[in-house]
Amino acid sequence: MSNSVSERDSGTVSPAAEPPAGGLAAAARAVLIKDLRCELRTGSALLTIFLFAIVTLTVVSWGIGGRILEPVVQASLLWTVIYFASSVGLARTFVREEETGTILVLHLTAEPLAVLAGKMLFNLLLMLALTVLITPLFLALLSVSVGAPGVFLLLLAFGVIGLAAISTLVAVIIARAHLKGPLFGVLAFPILLPVLLIAVRGTEQALGGAPLAEVSGYLTGLAGFAGAAITVSFLLFPPIWEG
Amino acid sequence: MSDLLWATLTIVLIWGGIFAYLLGLDRRLRRLERAVTGTAEEADA
Amino acid sequence: MRDKLLHTVLPVVTGIWLAGAIVAAFMAVPPISGLGELGRIAWFHIPSAWVSVLAFAVATVNSIIYLARRGIEADDRAVAAAGLGLLFALIATISGAFWARRAWGVFWNWDPREASIVILLLLYGAYFALRAAIDDERRRGVLAAAYNIAAFITVPYLVFVVPRVMESLHPDPVVNADGSGGMAGDMMGVLILTTIGFTLLFLWIFSIAVRYIRLRREVLHGGAL
């Protein structure tokens, strides 16, 4: 955490003092880098959710055999795998802090919004990494033909951003309540259902080769949701964090 | 009396029952509220 | 004055209004074409769904107030509204299933509106699951309020987007689900009557629920009223 302290403009080390505007981005980056470093050392988060996604994918494609599924079913399965992976892996960022006691350090040395920004970015990177890894496997195992690749990728990106944003917010709520895993799914799933519905329908169109114009409605919906989720998270985080 | 009339009367009666129940809750709440305020005033006195 | 309004005027008006609305629903309009008498359940199913969303909004507003001011009364109101929202969402789901059985032959087929009401049910359930898991009053209030507000993001999607997104797969658009494809002016009138009646009912039960929650809190914690 010494990086974040030395990057502050003020000469003295004052906990949670008002940092200058540039300090927020720097502090967020510091939180992110800390988490990334932990992750790179152990690789546990990405490994866990990637393995979980592989298992899910295997279970799904095993029964299918060599059959080619309809695009809507393929899309549905892809997002199921991604969602399950997120429900397993994204709560950890805050829960681990509570468990190891470093939550107090975070409270003292970083401004709330910086913590949120750092954590959310970490979750987003994690989910994007997972998606990049699991999607090719998915395409191969289920013999999926992607009609409109660009649109397909856009839908994946926007959907995953919304997923990561809401999951981060729910993770904070769970962590501050000292609760455990199962409640994370209970809380996150209903909020994410509309995202999943839109993502699946849109992805179905993309697999079928629909042009950007036809899918723009879905993209707007997903982008709107992601924007709202991020905004609301930033508004709600200070009261949740300070408790 | 037609079937429709019977059905209507039944539903209205059911609503009447719910209404009476809610009214009862209201009355009981009011009594309890007065009792609690009364106790608080006694304690202040 | 406000007391008189709440304790006398509201109950009386609600009682008479709903009684009249029930009579109107059964006797003032013919059944929706092709659906028989059971189709009349629509006049009560739709207002139930409306109230469940209204309750959600009331709860969310109070959650915002609670986070801003931290007065426990706002949390009481949020809980009361959420509880009623859950109740009316259940009523809407069950009545909708019976309507679907009559109209389409099956109790459930993941019609867009059905999907939306299920999501609403899950959100309410999650809210109460969260509250049940936290003992500290203040922390419970803050976290539940935060979840409520976050969950409200879905409402525009449930009301507007989901029906449009899922419509493309279903031959029966939402319009027919409401029966408004064959809805004459009279039927719309009945619908408005029952909707206002249900809203009044919500307001009345809401006021009772808030008083009950408050009383329970006062008695259990021995605070001043």
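All chains are identified by letter, namely A, B and C, in their written order; residue positions are counted from 1 within each chain.
Here is the rule we go by: a residue touches a chain if its C-beta (ideal position, glycine included) is under 8 Å from a C-beta of that chain, and two chains touch if they have at least 3 such contacts.
A quick note: this is a predicted structure, and the numbers were derived from the prediction, not measured.
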>> Using CA atoms only, can you tell me which chain is the most central one in this structure?
In response: C
> More C-beta contacts across A-C or across B-C?
Replying inline: A-C
>> How many angstrom lie between the centres of subunit A and subunit B, each centre taken as the mean Cα position?
In response: 49
> How many Å are there between the centre of subunit A and the centre of subunit C, using C-alpha atoms for each centre?
Replying inline: 32
>> Centroid from C-alpha atoms only, then distance subunit B to subunit C, rounded to Å. What do you get?
In response: 21
> Quick one: in the complex, what on subunit A touches subunit C?
Replying inline: 72, 166, 169-170, 173, 176-177, 179, 183, 186-187, 189-191, 193-194, 197-198, 201, 217-218, 221, 225, 228-229, 232-233, 236, 239-240, 243
>> For the complex, give me every residue of subunit B touching subunit C.
In response: 4-5, 7-8, 11-12, 15-16, 19, 22-23, 25-26, 29-30, 32-33, 36-37, 40
> Given the complex with subunit B, which residues does subunit C contribute to the contact?
Replying inline: 7, 11, 14-15, 18-19, 22-23, 26-27, 37, 204-205, 208, 211-212, 215, 218-219, 224-225
>> Quick check: in the complex, which residue numbers of subunit C touch subunit A?
In response: 67, 115, 119, 122-123, 125-126, 129-130, 133-134, 138-139, 142-143, 146-147, 149-151, 153-154, 157-158, 161-162, 164-166, 168-169
